Amino acid sequence: MDFFAVVVIQVVYAIATLALISIGLAIIYGMMRVINFAHGEFLMLGGYATVIPTHAGINLWFSMLVIAPVTIGLFGVVVERLIVRRLYGRVIETMLATWGLSLLIIGLVSWIIGYYQEGAAPPLGSILIGSYHVSTYTFFVILATSVIVVGVYVFFKFTPHGLIAQGTMQNDRMAAALGVNVHKVYAVTFGLGAALSGLAGAILAPMFGVMPIIGITYITKAFIVVVSGGSLVIGGTASASVLFGTISQIVTFATTPIVGEVALLVAAVLLLRLLPQGITGRFFRRGL
Amino acid sequence: MSLDVTRRSVLRIGTGAIAAVASLGPRLGLAESGDKIRIGTIQDLSSFLQPFGTQKKRCLDLAVDEINASGGLLGRQVELITYDSQSNDQLYAQFATQLALRDKVAVVHGGLQSSAREVIRPIFHRTNTLFFYNTPYEGGVCDRNCFCTGTTPGQLLENLLPYMIKKYGKTIYVLAADYNFGQLSEKWTRKIASENGAKVVASEFFPLDVAQFGPTISKIQAAKPAFIINTFVGPAHASFYGQWSAAGMKNEIPIASQTFGEGGEILRMPPEVAEGITVCYNYLDEIDTASNKVFLQRMRTKFGSDFGYIGDLGVNEYQGLLLWAEAVKKAGTLDREAVIKALESGISIVGPSGDVSLDPVTHHCIFNMYLAVAGKDRKFIIQEKFEKVRPTNPNGVCDLIKRPETNVQFQPEAL
Amino acid sequence: MHAPALSDADVREMTNGPILRTVGLRKTFGGVAAVDGVDFALAEGELRCIIGPNGAGKSTFFKMLTGQLRPSEGRILFRGQDISRQQRFRISQLGVAIKTQVPSVYDDLPVKENVRLSAARKQRPAGVRETVHHVLTRLNLSNHADRLVGELAHGQRQWVELAMLLAADPTLILLDEPTAGLTRNEVERLAQLLREMRGKQSVIVVEHDMAFVQMIGGTVTVFHEGRILVEDTMANIRRNTQVRNVYLGKR
Amino acid sequence: MKLNWAVIGPAAAAGCGLALAGILPSVVETFVLVDLTAYIVMSILALSLALVWGYGGILCFGQSAFFGLGGYAYVIGLINLGDSTIPVALGIVVPMIFAALLGYFLFYGRVGDIYLGVITLSVSLILYNLINSGAQFKIGSAAIGGNNGIPGVPPINFPGVPSSQLSYEGSFQLSLAALVIIYVALHFLLASNFGRVVVAIRSNELRTELLGYDARLYKLVTFVVGAAIAGLAGVLFANWGSFIGPTVFSIFFSAQIIIWVMVGGLGTLLGAVAGASIIQAVTTWLGSNKIADPNIILGIIFIVFVLLVPKGIQPRLADWLRSLSAWRGSSGKLT
């Protein structure tokens, strides 16, 4: 019985991690229809922005929840200025440029810091569920993800910038006609997306450790989740995460991790065949 | 289309030029090398296998320095030609051909992943270029042109498992990388376990990019084994240890590992995570012998005090190169046949790990194995030393003296 | 105002049964009916105009006729064959060609290639070259033949799309607001062209330009809120108070 | 005028190719041939994506899947049969069949572009996982080999005579011949009515269907042809390195192909060849001269490229030459 409880926790946790690694990409993609192939590296940098200050003696939580998102957010704004802005509306070029950026970041980080795995131990210890030990950090990840998702929703739904951004997302020409500075909106949104990616990487760092190459494991899944999610930034990402997280984790429990991974991919393939615009694309226009 | 001709030729010239440049680089190095003995290596010096490649390259450089400092080989200096495979098998193939056909090196030491080894081994076999593979691997390679100086699962597990079984109990949970090394090690584990009256209660295999171990940790708790033995490979898997200790399991079920430490984890992982993990290697930086002290001193003088953890990945390169040098001295020539004969004469050296000698029959190494446990202070504490551990060779499938023409990698069913 | 060469009555005489019929055609988007039970008939060789305020369902109606939308209910009979569930290319192969409201052309291809692609579907290369040349001259596009369509003005792009239609030599032509962006005498020419077609090809025109509708004459069908309000000659429709209220009244 | 150029172009290409095939082996050293062969094989792979994506507008993130399938089909067949003739055919047919099934699944389901990208990516990752962990599986006498792949693949032999195997030179010439033939064939395919319709679909799918063309069918055929070419590249790759491993299914490799095509210029054939060759050459060069981490150099190259040469190499070169000749023409008039 308590094993069942543990399974449920692990499934929810898997869903949370998927949503966490995807949300930043989702906002950028949903906003400007741009696939940021350096997304994985944003997470990776977020991880380092947590581990390095912590090694330097700064409080883990402060590095994780403040330093990482801020630095990566600013970095995102710079990237938007230097690269993405020059390529608006050119999806393919943006993909190539951001792929180049991802290689560049991997190269630089490994050159400066080295390819070593920065080992870390999740804080908060563990709790007993029946006869099972479960890392308390698992619950923290679930909680943090829920807060982030809700927070993003509130931001776009109720804050002035959020509303403008949402309008721009749905119809940038109209927004421009109404005197919205589309470029500024894009810059801020890209920065926000980057910040969230950094935060995600930071939160996951104690679980997965950090290394220059870790981005690859993130980007593939995030890409699949975001696109499968369809036109709704938050609704889509959330629903896709729930679907894939549940499937892969349950299969993993029932069989092996590799079958779980394959199950996720197969699910994505079948889903997009049945709903060619992604989960939410069929029923909604672009939005949250 | 009217521009095709020009365009094509332009592009052709472009490509040609680059190819020429590509070939130029080491050329320059060659020109002033005069009558030096050229030996080659291909290492993963960039991309995701870099940490291993870097350490291996350092050890080779050190060995070359020592040989040259002591007057070189056959009175000639030795020059090491290095290529960076960028952790990419296709480049392994390209550089292997270059080493064999252009640089015409006397021997090649290198390669990390088994896939890379299996890409270049045939090339060196075909081009009669002597090849040393100085890395712990899944075992079974039987090729007269190839010498494997790393540990094989049998050598390792036949010492590690009995210790664990005696100390902790007879039920084993196996966690392994989902590829050849892991799968073969798992088979060895089952075999050796049964020989020691223990049994494997469950085995799980993980793709190299899996970093999520929640379900596994729960499954292990459900199975309640006496201990865990893992064959994790690569950084993603390393996150298991953190998640394991975070789940508060560290003091519940002990872990033995076939790979922990080879990526320098012992220095990077928080001690509260690493402490207590049991390993068994041919070499550990902590070995307290004169020869090792000298070795470490030389590393420090060459690379500064923060050269990281060496481990047997690096030292195997060092020992492999010394073995070859010894054979060349004995043969008195660089001629491949003569050197192979010398190598098959039961040649041996004293390396950082102690006595290392080549087994003529399998072209693998007979050396010491050290059993150690990760301590509190980012160091291994050596528990036992097993001397002259022979390479396992089930039912003598591989006999390069009787059957020199053999050129295969024997697969698990041979077990 | 010209007198039509043939009255629609004569046309109906000559032909047996309608070329196109729709029976209780409906299309709903999330509960809202854009087209709400349309029974429509077009005679072989007839030229028909459809008018109606924005959102009356004209374009949706066209989209269903050409397989761009699946009807929610009802049937579309083209020469007695039910095409309401057919793929759009299959319907086109049956001889139904459409000029969409926003010109749908190959902006990044030359005018000539646009027309060629249309002609090449049915014809052998030799015939194709001939057709292309003939159509381009007929719509005096010859001197634009090698320009990219994207570079042309809106009006000219309309003509290109028209040329593509003619090159395909269809039996039923659907024109969605063809006069948009045309100059006065271009409109004249278009009307002339359509009158020439009468009797040879069946044509349905959706138009807002009343003068134009007047010009080409023939029966006019008024759409309102997804239904057919009236079908009559333009003259009578002008007098129709109902129409005035829903449509002209708004002017 | 246009027409005869359309013939002269590929003819010249063929000429150059044959000349190189004849001359190079005697003038350059073997290891250079080996490298060039690798570039040629990758150029063929790039051509397959140039067709499918550059002209067909099908954003395929899994082109390497067909490359890998071709390679594995060839190797497994060869190990079982001993003679390379049928295996080569297998290496082309198997990917075609796979592409036909996948393509039917995609195009007749009218899956949208980026979604198509995700599906193709996922499919190649599925293949990666299956083969990578399939060390214990055998097909006939061929062990899949898991992550180690299948090493020691014998070279292609003269049909029916397993003993007469291709030398390094032979492989170079065969690959170059394949490249030239495929280039010329694609050239004419794209000039044909079929090719023009394919381009039309990329330009405006709705209109093309309203003209009565079945876009699904045209896309499917394009996809399958692309798979065949990629499969052949896979065969030649396995023959070149005498190994095939699961990494050919990895996202890294798939992305590489996309980059080659983009760097060369979308909607061009020679561009794809150039992109593949140049990037390959640069990568090799970086491996032999340790300047900096190759990732840094490549990353900078890609970024700079997109920002400064967005159209890709070939169009840039074309513009440049065109303006040159235009200038010549005008100056010619003056005198």
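Some observations on this one:
Letters A, B, C and D mark the chains as written, and numbering starts fresh at 1 in each.
Just so it is clear, a contact is a pair of C-beta atoms (placed from the backbone, for glycine too) under 8 Å apart; a residue touches a chain by one contact, two chains touch by 3 or more.
Given the structure is predicted, the values throughout are model-derived calculations rather than measurements.
Comparing chain pairs A-D and B-D, the larger number of C-beta contacts belongs to B-D. Note on chain placement: the centre of chain A and the centre of chain D lie 33 Å apart, centres being C-alpha means.
Mean C-alpha positions place chain B and chain C at a centre distance of 75 Å.
Separating the centre of chain B from that of chain D, both taken as means of CA atoms, is a distance of 35 Å.
Centroid to centroid, with C-alpha atoms defining each point, chain A and chain C lie 49 Å apart. Of all residues in chain B, those that touch two or more other chains are 46-47, 178, 205, 207.
In chain A, the positions touching at least two other chains are 107, 110, 216, 258, 261.
Touching of two or more other chains is recorded for no residue of chain C. Applying the touch definition to every pair of chains gives A-B, A-D, B-D, C-D. Every residue of chain D that touches chain A in the complex is listed here, in rising order: 105-106, 109-112, 114-115, 117-119, 121-123, 125-126, 129-130, 133, 251-252, 255, 258-259, 262-263, 266, 292-303, 305-307, 310. Within the complex, the chain B residues that touch chain D are 1-12, 14-15, 18-23, 25-26, 45-47, 82-86, 88-91, 93-95, 97-98, 101-102, 113-115, 118-119, 121-123, 178-180, 183, 205, 207-208, 407, 411-412.
Contacts from chain A toward chain B in the complex involve residues 3, 6-7, 10, 13-14, 17, 107, 110, 114-126, 131-138, 206-209, 211-214, 216-217, 249, 252-253, 256-258, 261.
Note for the complex: chain C touches chain D at residues 66, 68, 87-89, 92-93, 97-98, 100, 104-109, 113, 116-118, 120-122, 125, 164, 168. Chain A meets chain D in the complex at residues 35, 37, 83, 86-87, 90, 92-97, 99-108, 110-111, 216, 220, 223-224, 227-228, 258, 261-262, 265-266, 268-269, 272-273, 276-278.
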